[in-house]
Each structure stands twice: as structure tokens, then as C-alpha cells.
Amino acid sequence: MQLFLEQLVNGIALGSLYGLFGIGFGLVFATLGILNTAHGAYASWAAIIGYFAVVWYDVSFPVAIAVGVIGGGVLAILVDQIGFQPLRNRKTGMLGALITSIAFLIILDSLAGMATNHQSWAFPSRTYPRGMLDLGFMRIPYMQLIIIGAMVFCAAGIYLLIQKTRIGAAMRAVGWNAEAASLGGVNARMVILLTAFLAGATSGLAGVLGGAATSNISYMLGEGLLLKGFAAVVVGGYDDVRGTVLAGILLGICEVFIAQYLSTTFRDGFTYILLLTFLVMRPRGIFGSGNFMRA
Amino acid sequence: MHDTPTLLQLRAVAKHFGGVAAVGGLSTTVRKGTVHGLIGPNGAGKTTVINLITGLFHPTDGEILFDGHNLEAKPPHEIAALGISRTYQNVRLFSGMSALEQVLTGCFLKRGSSLFASFAGLPAARRNWEEARAKSLLLLARVGMAGKADVLAETLSYGEQRRIEIARALGSDPKLLLLDEPTAGMNHAESQAIGQLVHELRDSGLTILMVEHNMGLVTEFCDSCTVMNFGKLLAEGTPRSCIDDPEVQAAYFGRKNDAKRIQPVG
Amino acid sequence: DPAPGQYNIGIISDDTGPLAAAGISYHRGADLAIEEINANGFAGEGVTLNLLVKDSATDAARAVQAMTQFAADRTVLATTCCIITPIAGALSPIAMNNNLPLVIYGATREGLPQEPYVTSVVALPGPQEVMMSERLASELKPKRVAYYTTGDNDIFLARAHAVKAVFEEAGAETVAEISTLANDTDFTGPATQGMGTNPDVIMVMTTQQPAVGIISALRQRGYEGLIGTSEVISPPAIYQKSGDLIEGIPFALSFQPGLSDSPEATTFIEAYQAKYNELPDVYSAQGYTAIHYIAQGMKAIDGEPTREKLAEEMWKITSIDHNLYGGQEIVNGQAQIPETLIVNWNSDGEVALWENQ
Amino acid sequence: MEAILDFWAAYSATIAFGLVNSFIALSCYAVLSAGVLSFTTVMFAAVGGFVAAQMIGMFALPPLVAFLFAGVAGGVAAAVIAVIFLRLETHWMALASLALVLITRVVVLNTPTLTGGVQGMLVPVRVSVLELFLALAVTAFVFYRMHNSWYGLVSRAVREDPSVASTMGISTYRVQFIAFLISGAVGGIGGAALATTLQFISADTYFLALAFTMIASTVLGGSFHWFGPIVGAFVFTALPTTMQAVLPEIQDVAKGVVLLVIMILLPRGLVDPRVLKLRLSRSPKTAEQPDA
Amino acid sequence: MLNVSNLSASYGAIRAVKGISLKVGQGSLCVVLGSNGAGKSTTLRSIAGLHRPVEGSITLQDREISRLKIHQVVRHGLALVPEGRMVVAPLTVEENLDLSGFAGRGSDRSDRERVYELFPRLKERRQQKAGLLSGGEQQMLAIGRALMTQPQVLVLDEPSMGLAPSIVDLVFDAIVALHKQGQSILLVEQNAAIALSVCDYGYVMRRGEIVVEGTAEMLRESPEVMKAYLS
């Protein structure tokens, strides 16, 4: 039983990371229409920046998180403005931006490789909470609690922002058609910057927390998150934060339990077969994003 | 007029979107070889009816009969193959295609050779292809776009795009042509030209169901007409009788319904 | 002796890409070997070697292109490469078809060397871990042993099998065989699973990144029993990263600064530290050996060296003179296991011989 | 002459991979041009690759004959996949196809008798550049014919607006099914070409890197004309080699920057039929505007 | 109020508007007539910032606006009801209207109510996604959105398109009422009869140029206009 519970929490924590990462990825996809493969690089860079802040300037863990999060956000803005902005209004559809993002993935990953000497690093012990919360019947590492908490906080915040505020409406509007939104007086450029920043920042948060929890701060950190985050977004019904988070958590739990009770060799295979079956049975994801175009 | 056979029949057709009944039990008939007007206030369900007939939506209730076939649950391409063709209220042309290619696509059903034959470039298929091209050019000329065959359709003005859509819809030699506000965005003279075209088409044997808000056009060019309101039938008959119906007056023309406004001005 | 002059050797490196950390080590080892050979005339009087570099980023297609370019360049006499088996497998036919000697310094697989052009300076995996496991089994007498391996890597699967056989032979029960994948990063699940079986010894036979991750996760979850692993945790950078988490964990290898004390090893370690400001690791030792193997073949040539002659001479070599292990046998182009050290990181951040506490 | 021979010897492998990647990119284009973004090509390539490797290993077939079998095997795989996938909508299909890539890897790793499992497989024969070129020429001709036939026209319509296309009598399902078959056959051949060029294949040969190469080549070259993917494949294949020669220190960064610059300058790819059409639009004959 | 001089606009090499000048005085209602493809929409799009003109100047209350972004133009007090409506499909009717809060021109709930008063149909549909509205409903929404920004100059591109006669009356009543209140309006309308019956001044475009201009009466009596648009 203890094993089961602990594995459940492991799954939830892992899934929260996928969800947290997926929120920004989905946000950019749903509002700006970009399938951003460079989204993983924000996570890697945020972790690396946070790491250097700790190693060079000896800052505390919360400050390292903040530095990483802001770094991720700023990076996302730069990528957007350099790479995606020139493509807007040029009838490239999703594909142009997809390749641009691949270009950034290559650039950012190789720069990150250079910055880290192509090594994997970890936050020095005792710079982050390493212990475990002992509940008697089970034990939960503090980092897992932090990850789950951060995910809940971000998911709720962004959900409310998008669905309940005028800024959120503007974000959805700009993503659909910047000109149409501007006719109502929306400054599309600002809204895009804000969206990009939020996406980069949440990805960065996932990067710093994941990097700390798994002792793996490297230029490849984001790559692992990317595939799972993408899966979470799509299964969740890609324009709904709640769906992304729920799907992410389910994914995490699936992975952990399949590895525990079946085998790791088949873990990815089983997880993705489950996912395929789910998609075939429910082709629009968990929350089934509603249609808004008509014949 | 009423002795001509029925081509299209709607029997208590309903379509609900969530709580909204866009069409709520509409029954009406369109007779062969006529121009039939479908009018009604905004949001009455006219476009939805066209979507139901073409199979883009399936009715929640009721049935649609066309030329001896029940259209129930048939996918759009099968319905098109039965001889129904349409235009869209919000112009929907294929981006990246020239005007000619748009119309050529419309000729798909009448291509006369299999996909494989055309791929293999068999002589007969080649001939068919050339015929389709010639036909498309003719259709473009017919809607007044003769010079614009090679123009990328999305660079045309709104009114011009509408004409391309009509030509495209004619490509499949349909039995029934559904026009959703064909003259929106055209001035008087241009609308008249479309009206003339509609008459010519009818005289060549085509049946036309036309959604229109331009009542001048409806009275002048429609043989019969159905008025919808809130997804239901409000009136039916000749255009004149419909317009004179007090209920229609109230629902559709609002308070200042002086007949003069309906007449072509000048 | 060969005719004096400068001769080119091609290296298909992994300076970027997923294995760059190890790849750079191999490359640096090779660079140092070249310097040493040129300074001392190890390849013959008046003979200097020059290293041409093409980075494959561990991509098979790029490696094949690089190899083809080397093959086309008649000034290239020999090549060296490869950390992973698929790339080695893809390059050996090119070496054979173009009569171009290829020395493999990282990938291992039965039957990889092919007479006379393809040779390998890494021993087949297994024996070292077997030796270590025999010692662990006899000294600790564990009852319950759990194993971690990398399910999508044939070398580590083989290592895990060999190790498991030793412990089972000694009467230890196998309580868990947990496989992870080379690209995994989260090991809380596998760690929880392993600890759930209450093992007294855990053997981690995985690739580098998972090994470090699994060990960290086990230690952070409070596992205090013995963990054994392979040389993947030997690079100093790994200690820098994980520090106390990997202290006291035994692993087996053939070269280690601080323990390897042959004259060659001492010179190499000094030169490496002077040049790169860090300590070398097993991988750089292998890169170093590969180049010396080629140089030794060169030296045996009489007259104008050709690829064919060089390959012939290299195939004849049974022992590499300049190596860092205190002896390196070669049989039919395949290196044999050199002397084995069983070591661990200690709390001073040094590698010391492992002792059972 | 000497120089040409030297160049050929050094870069024949690059050209070979350019040809191989052309197949892979064309396979991606085949479905993309019917409005389906799918990574299933990777799976088709794996099927083709291992089938070809087995055939060559068992019956010592010449590569081009093995390609035929690979093409058929890819086509069959595609038919099965299409039946499942065409139930899904676009974005979900893209994910499902990514999932399939991951599943493929697991299957390859766990069927050692067919694929060599974790050990991989040696392919005893190498295909010559000439053979590859011939095979690509034939394939390109097929695409050329398709582009200029009803299928080409209709698939473009389906890509732009499937529901409008359907009201014109075009069965989206049928068009996309055919697209999958073509993608499967060409992808299978591409996988076989890769196998006989690399001469060693394993689960990692047909994995995400191939998906990246495929999609990047297709879009970089231009996804609106069959010639685009071929151009893109060559550019994308030659890019790392070139960058390594020019800027070895920062070759990857440079490669990314070049890719970025091309996309910003020509966001619809190097080959863009739209530009041609716009030019046609402007010819004086057609620029006349109607009089009122 | 709005002053356009020597405006040219093109699409690639096609010159759609060739150096036209027009003026909308304070409180006046001007109309632009012309056949399909004459360049009317292009002119309006250029004025509203949806299309970059090649040359010419556009001033709004003596302020040059030809280089401004769309939202800046809106914030300076010019609102466009565009051809093709351009409502924001994934947003509800209400959210579409609320967006104009970003125009920073003091619109609030009461403005929304006024739009609903004008178009009760919109109120019924206020939680529906704009993309699912019928054509006419979308047109109402586009007009409502423009009104919400409380513009100094209201620019309408065929506002009656797709509207039922009763709604057309409504819209024109509203236009007349706004005009009476002193609102400056620029109108493109295919229904020349209605347009000329409400406007002060009119322009006729053909092939990107203004061929006739004058007061409403002048145009109504001009034989050329009669022939082309009113016959």
C-alpha cells in the first residue's frame, strides 16, 4: 500500500511537471497558433540560468527559481520577436512557424550545450529542499510537494486569466486574428509579448523545478519534457488549461504505474497506445475544445 | 407553376445546436425548374437549411428528400453527386488557387475519367481535362470574369469572389443550385446581372434555391418563395403574396414597410 | 621506418549532440596523443601526425558522410571514431570498401573488428563488472539484490546480465530487475520501486545519465545500503555534480587519475590537466590509446605509408606499447581487458581503491 | 576532371543522403498536400527499412528490387494506419502520429527476430547513388503526374477547405486515404533507401530525428509543390556539412541561423507556386478591371 | 475631421487606389460609391490602418494617422466596420464587445446596453461564440463593436450587407441619428438609393480613382451615376 501511494505521488508529481510545461506550450498553440518546438529550450535555459545564479552568486533557491522563470519568459519574448513576428500576416500557416521554432531549438540547444560544457549538472545539495515529508504511512519528497503546488497555482492563475479577464479575451482574440482584435482597440503586439512571456515563464518554472528534483540540469532537459508536454496538451483538448493539467497528471501516473507493474521497456509503448486508443474513442480530447467556426 | 414536379422536399426538418433551435420543424418544397426564394430575418435559419441540404449538418429531426432520394445521413460528397451544388454566404474560395482552378475543382464530379486515368494521362482523360478547362473558362465568362482566369482568387474584390463561387458551383452541372445571398455586396446593376444569370440558368433547366435579402431581386426573379422566422415556416407562395402577408411584414420589414422601398428604385 | 612527412588521421567526433560530454573527452585524449607522438617521434623519425576533425553529433547519417569524405581524401591514412554501436556498424563497411583503417574507441559489440581494416581499442564489456561483482558477493554476502539496467542499450543489458549471474551464482536472490531507458530523466518511480523490494545491494548497470539519476533518487529517498555501478560515474564532472551522493559507490575501470601510476599515465594526466584544466577520465584514455595504436602501426611501416600497409601492420600488433593501463593486449584487432581497478569516490573528492567498510 | 572526381568521392555520401531524405520528405509531402500533418512517415520508413534489410539478408536481392517490396510493405502499413487515423481531426492526428513513432520504436526494440532488437541489423548491400537517383526520378515523375491531374487539384482543395471540397463532390476520406497510401509507399522506399545507404539500422535510425529531418526538409523546400521537398531535403542535408566546413566552432548555431533566415525571408519555402501565380495575376492581360 | 489626400494603395504590383483625395467634415456624412473592384474597400482599409498605403496622407483632426497601427488608429478615434465583418470568432458576442474597452475611450457596460438596444438579436445571442452567429448577426456585431469604441469618425464598409430589410432600416436610422448628433461618418454602400438619401456629400470611384464627387443632390441628378448605380 505504501508503495502504491508513494508511486501515485511520484506519478502525480511527474505529471504535474508535464502539465506545468504543457500549459505554456498549449497557451501559445491555442492563442498564437504556433507549435513551438523551442518551448523545451526555455525550460533548459531557465534551469541553467537558475543553476548559474546559485553557483556564481550563491543566491537562495527561491531567487534561483525567480531568475530562471524570468529568464525563460524573456527568452520566449526574444524568440517570438525575432523568429515569429516576421512571419505574422504572411500566410505561412502553422508550418512556417514550426520550422522557425525548429531553427531556434537547434540554436538554443547548442548554445545551452556550450554553456554547460555538454554536461549535466545539479543544484548543489542543501541549496534546495532535499528532505521528505514523513506522513507515517508514506513519505513525500519536499520537491514533489513544491512541484505539485506550483502547478496548481499556475494552472489556476492562467485559467482564470484566460477565461475570466478581458486580457484573456484579448489573448484569445489576437491568436485567432490579430487584425480583428485590433479593430476593437487591442494592441496585438503587447498581447503577444505577454502571452509569450507567460509561456516562457511557466516552461522555465517547470525547467528549474524539474532540473532540481531530478538532479539533471542540462541542455537536453527540455527535450524530454517537450514530447510529454505536447501529449498532455493534445489529450487535454488543446485550448483548455484544465485539460492540459489533467492529461499531464494522467500521463505521469500511467508512466509510473506501467513501469512499476508491467515493464519500462513497454512503458512508452503502452502509454502511447493508451493515448492512441483514447484519441480514437474521444477524438477531441478530454474537454473537447468547442468548435467556433461554422459552415 | 404548381404542376411542375417537386425536386426538393423538406419534411419537418429540425436542427438544434445545444439549446438553440436554428431550424425548428420546417416543411417546404421546391419545384423543378423554378427559382425559389428563401427569405427571413437574420438568424432565421436560412443558411442552416442550406447546410442541412448539402449534408454539412445532419438534421436533428425530420427528413429531406431530393429527386427521389432521402438525404438522411448521406455525407456531403454523395449529396453533391446527386446534383446539389452551392455557394457560401461568407465567400469560401480555396486560397492559393487561381480563378480557373477554383472552377475546375467545381467540375470534379463531371470529370468523365477516373482519378487513375487522369494520373496516367490516358488520351481520353487528357481530352476530358481539356474539355473541363474549356467549360471552366466558359463559366467564368458567364459570370463576367472572363479576363481573370489566371488571377489568384483571393486577390479579387469581394463581389468578384462571389462570382467565382457561382461559376464554381455550376461546374458540376447540378440539378439544384443553392445560392446564399449571391448579391450581397453588389450594387443595383450588378445584382440585376446576377438576377439575369439566375433566370438564364433556370431557363436552361436548373432549379435554384436562393437566399436573398434584396427584396427587389426576389420579387423580380423568384417564381415562388418561402419565408422563415425563428427556424419555422412563416409564409409560402409567390413573392408578392409573401411580401403582402402581414405577418411577414411585421417580422421581416419592421415598422416602415412601404412597398416603395422594395421596388427597384429609379 | 616510414618515409618522413606529415600524415593525416581523421577523427569522427561527437563534440556536439547528446553524447558530447563523453565525446569531447575522447577527442581531447586523441589530441594529446597526437602531441605526444609528434614530440617524441613515436610514429617514426620525422613523421608527424595531423588530426582532421569531423563532428557527427552522434548522427549516423552525418558520420557516414564524414567517413566518405575521409575515404575520398587520399591524404587520410586512418580514421578513428564512434561511441555508439549503430554508427560503428554503419562506418565499418565504408572502411572495408575503401581500404581505410578505422579504430573504434568507444562502441563495443562482438564481431565489430574486421580484418584488416576495422579494429577496436575497447574491450568487450562485462569482465570488469564481473570481477567487481565477485568481490562484492564474497565480501558482503548479500541476500537480496536489485538490478537497474538500460533497456534500450545492448551493452548495458549485457553488463547487467553478467553481473546478475555472478550474484545468483553466489546465492543472492534477485528481488527486482528494473529497466529504464537511456533518455529518461525522472527516476523517482524506479527508485521507489527498487526500495520497495528491500534489497541489501543494488547494482546500477545503466548509461551515465540514468546511473547518476537513479543513484541520486535512491539516496534522496533514504536508501542506505550498498550500490554498485560501472565506470560511467568516473568522470570528475560527475563528482562535481553529484558530490556526496555518489561517495563510496564502487565501480570498476582500467584508468583513473590518482591510481593509474604508470609513467605514461602520469605524463598524460599532467599534460591533460595543464591543457584543459581538469582531470582526464576513462574516455580520454581510450581516445589516447586509439591514436597510439595507429602510430604504432605507422612506425612499423617501411617506406611510403599507405592505408593498406598501415592496416596490415596494425592488424599484426598484439600489444599497444603506449597505453595508460599498464598493458593493453590486442587479439585479432580486438582489445582485451586491461588491468582492472575497483574504486570509489571518497569524501575528499578523489577516487580511491574501494574497500568494504 | 580530377577535381570533379574528388568532389564526387567526398560528397557522394551527402548526395546519397540528400536523395534518401528526398523520399522521406516526399512521403511527408504526400499527406501534407492533402491537408494531413503526420509523422507516420517515420513508421512507414521503419517498415520499409526492415523489410528491405530482411529481404536483402535472406534472398540477396538487389537494392532496387528490395525497394519495391519496401514500397509495398509501407503502402500496406499505411492502409491500416489510415483507417484508424482518418477518424481523428488534424491536430490530434499529428499527435497520434507522434505517438505512433514512439510505439514503432518500442516494437522495433522488442521484436529482435525481425529487427535485431536493441542490437540493430547490418545490411550487407549498399545502394549506389545512381540507383537512388533513378528511383527518385521515377518517384518524382509520379508526383509530377499527380500534381497535374485531377488528384492533384482535388487534394489541394481538400487541404485548403475540406468541407467546401466535400460539397463539391470530393470525398475527403478517399483523397486522404490515397494520400496515405502514397505516403506509405514512398516512405517505405525511403526507409529502404536509408537502410541500404547506412548499412546498419536500429530502432534509433527510425526515430524522432528522422521526423525532424522530414518536416524541416518539406517546409524549408516548400510544401505547396512536389519539387519543394526535394530541394528542401538537399539543402537540409548539405547544411550541417557546409556549416562544419565554414564555421566548425559554432556549426550547429550557424545551421539554425541559416534555417531561420531562410524561413524569415521565404516563409512559404524555397519553392512557392503562389509567387508564380501572383506574377501571372499581374500580367497586363488579366489586370484589366471590369467596368461598371 | 478626416482628410485623405493623394492616397495610393497597391497589392504587390497591382495599384488598387490611385492617388485619391477625400474629406469628411466635422459632423458630415460622406458616402463612397463604386462597382465591384473599384477600390472602395482598399481605401477604407488604408484609412483604418489595415493596409499600408504606398503614398498619400491621412489626417484625423490634423493628426497624421497613415503610419499608425490599427489599434492606434482606433484609439485616436476612428472605428471601422470592415468588409467581411472580421468579428473574433472564438470569443462570445459579449467578449467581442468588451474588447473595445482596450480602445481606452471610456466604453463600459452602458455602451454595451446601448448596442443591445439597437440590436436586440445580439442580446439574445450574447453568450454565443461570434463565429457561430448567422451572417447578419455577425454584421450587427461588427457595427456594435465599432460603436463601442465611441469614435470621432465612424467608417462603415457596406454595413447593410447580409442584413434583412428591417435591420437595414434600423442601421440606417441609427446612422442618421448619429449623424444628427454630430457624428462624422464615412460610408461605403452598394445600395446607392439609400446612401444618397442620407448623405451630405458623395464620391464615385472607378478603377481606383474618384471620377465624380459632389453633394448628394448633385449625384442624384448626375446622369452618369444614375446610369451606373440607380437605373
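A, B, C, D and E are the chain letters, set down in written order, and residue numbers restart from 1 in every chain.
As a convention for this text, a residue touches a chain if its C-beta (ideal position, glycine included) is under 8 Å from a C-beta of that chain, and two chains touch if they have at least 3 such contacts.
By chain, with names taken from UniProt: A, D = Branched-chain amino acid ABC transporter permease; B, E = ABC transporter ATP-binding protein.
No experiment lies behind these values; they were computed from the predicted model shown.
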Path length in the contact graph (chain B to chain C, fewest steps): 2
Between the pairs A-C and C-D, the one where more C-beta pairs touch: A-C
Distance from chain D to chain C - Cα centre to Cα centre, in angstrom: 37
Whole-Å gap separating chain D and chain E, where each centre is the average of the chain's CA atoms: 48
Intercentroid distance (Cα basis), chain D paired with chain A, Å: 30
Inter-chain centre distance, chain B versus chain D - centres from mean C-alpha coordinates, in Å: 41
Per-residue overlap in chain C, given as positions that touch at least 2 other chains: 16, 151-152
Overlap residues in chain D, where contacts from two or more other chains coincide: 109, 163, 252, 278, 281, 290, 292
Contacts with two or more other chains, residues of chain B listed in rising order: 47, 56, 88, 95, 155, 160, 187, 189
Chain D residues within the chain B interface of the complex: 145-146, 149-151, 153-154, 156-157, 160-161, 163-172, 178, 224, 273-274, 277-278, 280-281, 283, 285-286, 288, 290, 292
Complex contacts: residues of chain C adjacent to chain D: 16, 53-55, 57, 59-62, 64-65, 67-69, 71-73, 85-87, 89-90, 93, 97, 109, 151-154, 157
Chain B partner contacts - residues on chain E that touch it in the complex: 11, 14, 33, 35-38, 41, 83-84, 121, 125, 128, 132-137, 139-140, 158, 161-170, 190-193, 226, 228-231
Footprint of chain A on chain C - complex, ascending: 16, 18, 20-21, 23-24, 151-152, 178-181, 183-190, 192-193, 196, 209, 212-213, 216-217, 220-222, 237, 241-245
Residues of chain A that touch chain C when the two form their complex: 2-3, 6-7, 10-11, 13-14, 17, 110, 113, 117-122, 124-125, 130, 132, 139, 141, 144, 210, 213-216, 218, 220-221, 223-224, 255-256, 259-260, 263-265, 267-268
